[in-house]
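Note that the chains are named A, B, C, D, E, F, G and H in the order they appear, and that numbering of residues resets to 1 at the start of each chain.
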Amino acid sequence: MAQVDTNIDFDRARRCGQPEAIFAQGKTPEQVARIARDLYAAGNTVLATRATPEHHAAVAAVLPTARYHDTARLIVVARQTDTGAGTHSPESAESAAPTKTGAEPAAARTIVVATAGTSDLPVAEEAALTAETYGAPVMRLYDIGVAGVHRALAHTDRLEAAGVVIAVAGMEGALPSLIAGLTACPVVAVPTSVGYGAHFQGLAALLTMLNSCAAGIGVVNIDNGYGAAMLALKILGVRS
Amino acid sequence: MAQVDTNIDFDRARRCGQPEAIFAQGKTPEQVARIARDLYAAGNTVLATRATPEHHAAVAAVLPTARYHDTARLIVVARQTDTGAGTHSPESAESAAPTKTGAEPAAARTIVVATAGTSDLPVAEEAALTAETYGAPVMRLYDIGVAGVHRALAHTDRLEAAGVVIAVAGMEGALPSLIAGLTACPVVAVPTSVGYGAHFQGLAALLTMLNSCAAGIGVVNIDNGYGAAMLALKILGVRS
Amino acid sequence: MAQVDTNIDFDRARRCGQPEAIFAQGKTPEQVARIARDLYAAGNTVLATRATPEHHAAVAAVLPTARYHDTARLIVVARQTDTGAGTHSPESAESAAPTKTGAEPAAARTIVVATAGTSDLPVAEEAALTAETYGAPVMRLYDIGVAGVHRALAHTDRLEAAGVVIAVAGMEGALPSLIAGLTACPVVAVPTSVGYGAHFQGLAALLTMLNSCAAGIGVVNIDNGYGAAMLALKILGVRS
Amino acid sequence: MAQVDTNIDFDRARRCGQPEAIFAQGKTPEQVARIARDLYAAGNTVLATRATPEHHAAVAAVLPTARYHDTARLIVVARQTDTGAGTHSPESAESAAPTKTGAEPAAARTIVVATAGTSDLPVAEEAALTAETYGAPVMRLYDIGVAGVHRALAHTDRLEAAGVVIAVAGMEGALPSLIAGLTACPVVAVPTSVGYGAHFQGLAALLTMLNSCAAGIGVVNIDNGYGAAMLALKILGVRS
Amino acid sequence: MAQVDTNIDFDRARRCGQPEAIFAQGKTPEQVARIARDLYAAGNTVLATRATPEHHAAVAAVLPTARYHDTARLIVVARQTDTGAGTHSPESAESAAPTKTGAEPAAARTIVVATAGTSDLPVAEEAALTAETYGAPVMRLYDIGVAGVHRALAHTDRLEAAGVVIAVAGMEGALPSLIAGLTACPVVAVPTSVGYGAHFQGLAALLTMLNSCAAGIGVVNIDNGYGAAMLALKILGVRS
Amino acid sequence: MAQVDTNIDFDRARRCGQPEAIFAQGKTPEQVARIARDLYAAGNTVLATRATPEHHAAVAAVLPTARYHDTARLIVVARQTDTGAGTHSPESAESAAPTKTGAEPAAARTIVVATAGTSDLPVAEEAALTAETYGAPVMRLYDIGVAGVHRALAHTDRLEAAGVVIAVAGMEGALPSLIAGLTACPVVAVPTSVGYGAHFQGLAALLTMLNSCAAGIGVVNIDNGYGAAMLALKILGVRS
Amino acid sequence: MAQVDTNIDFDRARRCGQPEAIFAQGKTPEQVARIARDLYAAGNTVLATRATPEHHAAVAAVLPTARYHDTARLIVVARQTDTGAGTHSPESAESAAPTKTGAEPAAARTIVVATAGTSDLPVAEEAALTAETYGAPVMRLYDIGVAGVHRALAHTDRLEAAGVVIAVAGMEGALPSLIAGLTACPVVAVPTSVGYGAHFQGLAALLTMLNSCAAGIGVVNIDNGYGAAMLALKILGVRS
Amino acid sequence: MAQVDTNIDFDRARRCGQPEAIFAQGKTPEQVARIARDLYAAGNTVLATRATPEHHAAVAAVLPTARYHDTARLIVVARQTDTGAGTHSPESAESAAPTKTGAEPAAARTIVVATAGTSDLPVAEEAALTAETYGAPVMRLYDIGVAGVHRALAHTDRLEAAGVVIAVAGMEGALPSLIAGLTACPVVAVPTSVGYGAHFQGLAALLTMLNSCAAGIGVVNIDNGYGAAMLALKILGVRS
């Protein structure tokens, strides 16, 4: 089906703040590579989510600077004129490890990405790297779930100072409620499909988050780290 | 259908620790009164759950000492030979108000009944009064939900000292996870139907509790305060 | 149960930006009135959601300045020291009608409340009046659903200029997707239970919003106009 | 089980307009080949849906003119006496690519097949090729989803002129609502299983389409491109 | 809320074939009356669905020719210049009874409305009267469900000759499958909420219809007789 | 809608063993009375299920011998030529009470109707009276649920000797599994909507019965006592 | 885990009519072989359902006469003293093919196994071979679904004469309703997971069957051909 | 992502009675090994659930005394100072087989682990081995499901004497109800995903257990043998 052109929304960045990203799942490597090439040629940073190494190989064949983040399943190609923090951060994330609790204090423009457990990392990294790719500073606070509440409380200062918190949780999904009770900034809640049995692939965590008795929480789809980052970027007014 | 006799399980108390209770919902006042009379005549304390004032009127006509607890929707008739704490407690609960944080410290045999919010009271009182009716000391800790986590933390000592905690919560239902992370005693989790929208009449809170990442939680049916108390009594080995 | 004190979170405004509100549904008029009195005495603006006229009567008996908004089912009592826009707006909303398309242009701090249809009004007004009560300017764009797409397109300028858009929709719930494609500001999506059959009391609209292919959407619970306003206020950094 | 004969409905074409097709999924290659041979021998065009290359190999062994369309997972064997547009079109679809926006204007007998995104192609092609196989002219309008509403609006003339529109969409599934608001012709809505998380394998898009506030939409099963084409053919009165 | 104007889509009839109708459920009588008045003033036939007698009283106060069909819960106000069959038919439906099997033969432009049982009548009449209001001839074939298959077979000639069949069924919802196997015309399937237990308010019938093994069926929402008629009108190309 | 004739299936008794019954729910008293009159005139025993006293009043006005069984919500009119056990039994059921454990031993042609609890009586009586109306001997074994397994075991002889057992249960719905392990006769399982919370109006009991690890169980719809009796009658080959 | 003995119910055949069968799915080949050996040693016919060729190999190693039916996924080992029809039939089924419409007429003791489509064969054969293994005569009527109703009607005589009909159907699952309207014998309905999209792995067909408006249908679990046969055998009183 | 440290809750054992365990599913072997090493170094017994042989290999490389229990999918590393029953039992469980009905009588501190069928073994062994690892005596009663009720009744004495019963069941999940009716000790109910069709991966058994009409049952998540053991340990007051 290579002859069927995709109808790329090249105007997206001007209209909505960020360029169109590529949802790689369900697309062939060739389709992803072609869209990536066209977006890049139009001057956009290229971001492909739910990408496999095969997708990356196809993209790298036409765009050699394409990087692959395997935990987050992301392909990132910094746009040609990029020189700043946006593309620098995720690169360092791979080479020098994301510092979970950085030396610098969280500032009003910082996105804090918090997780309840270790298994939520892929979704959290998809969020964190997407935010960094588009130029926002990110602070990671991982493994601070509600069953050991002292872990989140130890970061109260950071949570209070954040611009937005992206709270990622599977299992019972109570982390956003806990955090929203500790900070005045908006909380983007991301349910993950981490769990089993009556978790129903993330439904349990999703319902928990929608029913939070704490105010100031906006929920995105299950495992949608990318969407959480995009909402956080719009909240902070970051345009790429 | 008054002629159809009910097949009462008079042997229940000997076999299982407590006598059979009456689930009044869906039964006529006459049916409830007849079963109550027969249970009482056989030497049992009578407890009817989900009872209306009409049920109570019918029971009181044959058993004048029957008391009605309207928040909990319970009818209680102390058994003829009862003289002790079991029947005393719920009576005082009505006349002198259940002291939420009693002067006496929680002991190893105390059942702590905790709620996330004020709207969970009917279910919590069904649990607390059932436990008191059958002779267990109860300590009430109401309105300590996860959105203001300092409220639960303020009671850490009491939660640690309890024999069992019954944690009652609607909305996102995260209270049992929080409490189970603060105590070594077993937690009986009761989801309530308090909520709206994607709460689906308690389903959200139920799933949260089943998926808790904290250990030591046993879940009962939505709004089942009676069942929670029965499990707590069995855990403490209280026989009436 | 009047003796059981409620555990009010008086510190909420300092910690999270806005004071605790009262979820009136499932509470007795007496309970609501007592909590309202205590919150007011502590210097808070009082807001009760899902309130009935009976709730209002009880509150007005102790707080005579309590106003009732019947479409939105809200009780509002402006705090004693309030003199500004926050309390003024909803009052005028009642007396002089909310101007759907105000003369003044939407500014970066404006919350646009949009609905797909007329039946979504109660939820939209709950959101709009909550936002106004806490001091945010609101612009209403009602009845601009996706089946007549020219209606939303006619407001493209306003949508682009908004600080946040609260998009309220029942039926197929596609309005947030449409709007998020027209603006760079964050969109708070509120599914409503308006519909029938396979709408399943709002589930259809909820799923639509969670699965939006447009970026920058945070979803709240079905019919949760209050929660949408609280998220919008946090996004704009409004503290009351 | 080769001995168990299948009960083919040879009378279907006369009674219902088109011959019986073969739902290959869950059938062995041998079963599909045998049914194909019998249908062909009876003078029918053979169409097998959800077919694998293995199915095709088995069919081609007995019917050498059998063609396989891999994106659409269709096997087509033109009937012996066919000489016209019906069998010509899908052949060209493979060799010369389906022109998405043909030079010729859409006419009253044209079926427009529209998709929200690129990932919806397999289902869209199943619909388009089925329609072409049975003799209807098809115009493809791909990747015109609601998040970039200008893309659909650019085709308003074509949508207004169509005989039927088949609108194929996963994710939030809002495309049929948008299109039905732009045209007076009937819209056949096909939800696809493209999505993740709370998409629940197409349920979200299905519910969206069933709850559309736009009139004139008939919904078929998730991923049922074949069924959509059959309904469109019946609407246009095409008999093969 | 009377001051909030509704955003009526006056251009609907030109763009989509029929004017906007009023979904009365959830609207106040005053809201319905005001919209009805405005639509009528703009030259439209007025149709309000899910209307109560109270809605009708309010509409009749401003539009005295408004008629109420109680089984179908419809309000109809023929537009000022109407003189033809469209408004005549439903009037006779009330006064002289819809002849279930008319003397005149079904023609290519006839909409056959069929039901499985007597309890499906309200939905079927909503469909039939809507179609007649907008000018299409309707033939009613009621109570011909699959459990007594001879009843449908007795009407094979009529079903074969119809332009469209609207098949309305609750319970197991198998009627559309049966009919689609007997005719070459398109079938609009309407699941009804008639049933109990595992019917889940129409879900069972809805799923049956979506999964039909017969081709040529388009499904609308549960109990959506109006929507079925609108689809049928578009299929036949009737414009009002 | 009185003019719309219902399409009664007068041939049902000859073809299927029993005449058509009337599902009264959702029909007006007038509709029920008219159908009852016509069925009776054609020589059938009349049975109306889910009937209200209002339905009965309307039927009794045209058929004075119509009896109403309020627990079972049944209207029964014995056919004109009936003289035997069929009509006698349900009459005695009302006047002299159904003997739960009759003196006569269960025989190969006896239908045992068993319930788990007292709240299942309405459904059980619908089954028992339907069976008796059409001429089958019935033995009632009520309140023998699995939580007190000795109660069912006490009736092992009767269960072994039965022709069919209809096992009626709400709550966890385990009774059919227990009984099917004690007898070689077929078991008709009827889930009831008795329960609350995660019972989901009978869904829990329904799933339990469908998943029984005991062989020989056929399940009918939730609360469908009538359907259970009809299946039992067909199993025993009783024709009325 | 080979040391953990299984608690075989050797008394099952005496108590319930047929011996315990082995549900092979989820058991290791060694577990299945051991249970098979023990059942056989105790004089039982051995039947293992959901068995793989690996299961069969392990069983055949200890019981060389074990036969494997791959379509039905059954292992059968005739008991040592068996000489009659029960073991003969399924053997001939494999060697000489099950005659779908046998020369001999259906008699009162015949089980008719009917399917809606070819894809339902594995479940139908599981039912048919189980019935034959335990000694009942079986007549197969395959591929007679409701979309071509003439196919079922052609077998009206056979359906009327049967002792029981097992109706197996996926997709919309309407076959049992159709058949129950044509015969006075009981119908065992087996939903299959054949379908896609909104079929939800058999849920759609299951709900259809539970909601049938035809009387005399008992439903078993999705794909449970074995359970259907066991119910049919109990209905006919066949003991092995 | 090896650089991202996990936030281990080393204080868990002191606070909650048992140390944190590792949920291996979804974690890489390296992640599991690193956490195991750290927990062990801090003086804890290490328990990893849902572990694969690959997980075990990685753990054994750093902790050579790590044992793997394949049925239960558990990795156990006894803590350095352990000498007692806790670590002894599971070791013997592997080498000498868990005696299902031990010679010693069940005592007040014994945990009885009961299953309905053989297929429930993996979950039951996860529970039993977890309990033994932390020092509790365990008695196994396997394959005593409700379809052959004599099997459970044969163990009445043991069930009455137990401290806690963990009842593990898939299919209809009725075992906990049966057992809770036979004993006064608390019952921990574990639904398993063993089943098919309408079992919905354990949902059916879960609902059964939540709706039990027997008192004294606490339910854990589907297949959560570990969680059941943890609750049982807390009920008995075992601290490791």
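By our rule, contacts are C-beta pairs under 8 Å (C-beta built on N, C-alpha and C of every residue); 3 or more make two chains touch, one makes a residue touch a chain.
Note that the structure is a prediction, hence the values are computed from the model and not measured.
> Out of E-G and G-H, which chain pair has the most contact pairs?
Between G-H and E-G, contacts are more numerous in E-G.
> Could you tell me which of C-E, E-G or C-D has an interface matching E-F, in the sense that over half of the contact pairs are shared by residue number?
Matching more than half of the contact pairs of E-F: C-E.
> Where the centres are mean C-alpha positions, what is the separation of chain A from chain C, in Å?
28
> What's the distance between the Cα centroids of chain B and chain F, rounded to whole Å?
The mean C-alpha positions of chain B and chain F differ by 36 Å.
> How far is the middle of chain A from the middle of chain F, if each middle is the mean of its Cα atoms, in Å?
Their C-alpha centroids are separated by 58 Å.
> Going by the touch rule set out above, which residues of chain D reach two or more other chains?
Only 117, 147-148, 180-182, 197-199, 203, 206, 210-211, 214, 221-222 qualify.
> Determine which chains touch and list them pairwise.
A-B, A-C, A-D, A-H, B-C, B-F, B-H, C-D, C-E, D-E, D-G, E-F, E-G, F-G, F-H, G-H
> With touch defined as at the start, can you tell me which chain B residues reach chain A in the complex?
Touch list, chain B to chain A: 116-117, 145-149, 153, 171-174, 177-178, 180-182, 195, 197-200, 203-205, 207-214.
> Please name which positions on chain C make contact with chain B in the complex.
For this pair, the touching residues of chain C are 1, 3-9, 11-12, 23, 25-27, 31, 35, 50, 191, 193, 201-203, 206, 221-224.
> So in the complex, the part of chain G that touches chain F is made up of which residues?
15-18, 21, 180-186, 188, 206, 210-211, 214-222, 226-227, 230-231, 233-235, 239
> Taking the complex as given, what residues does chain E use to touch chain F?
Of all residues in chain E, those touching chain F are 71, 97-98, 100, 117-119, 121, 125, 140, 142-144, 147-148, 150-151, 194, 196-199.
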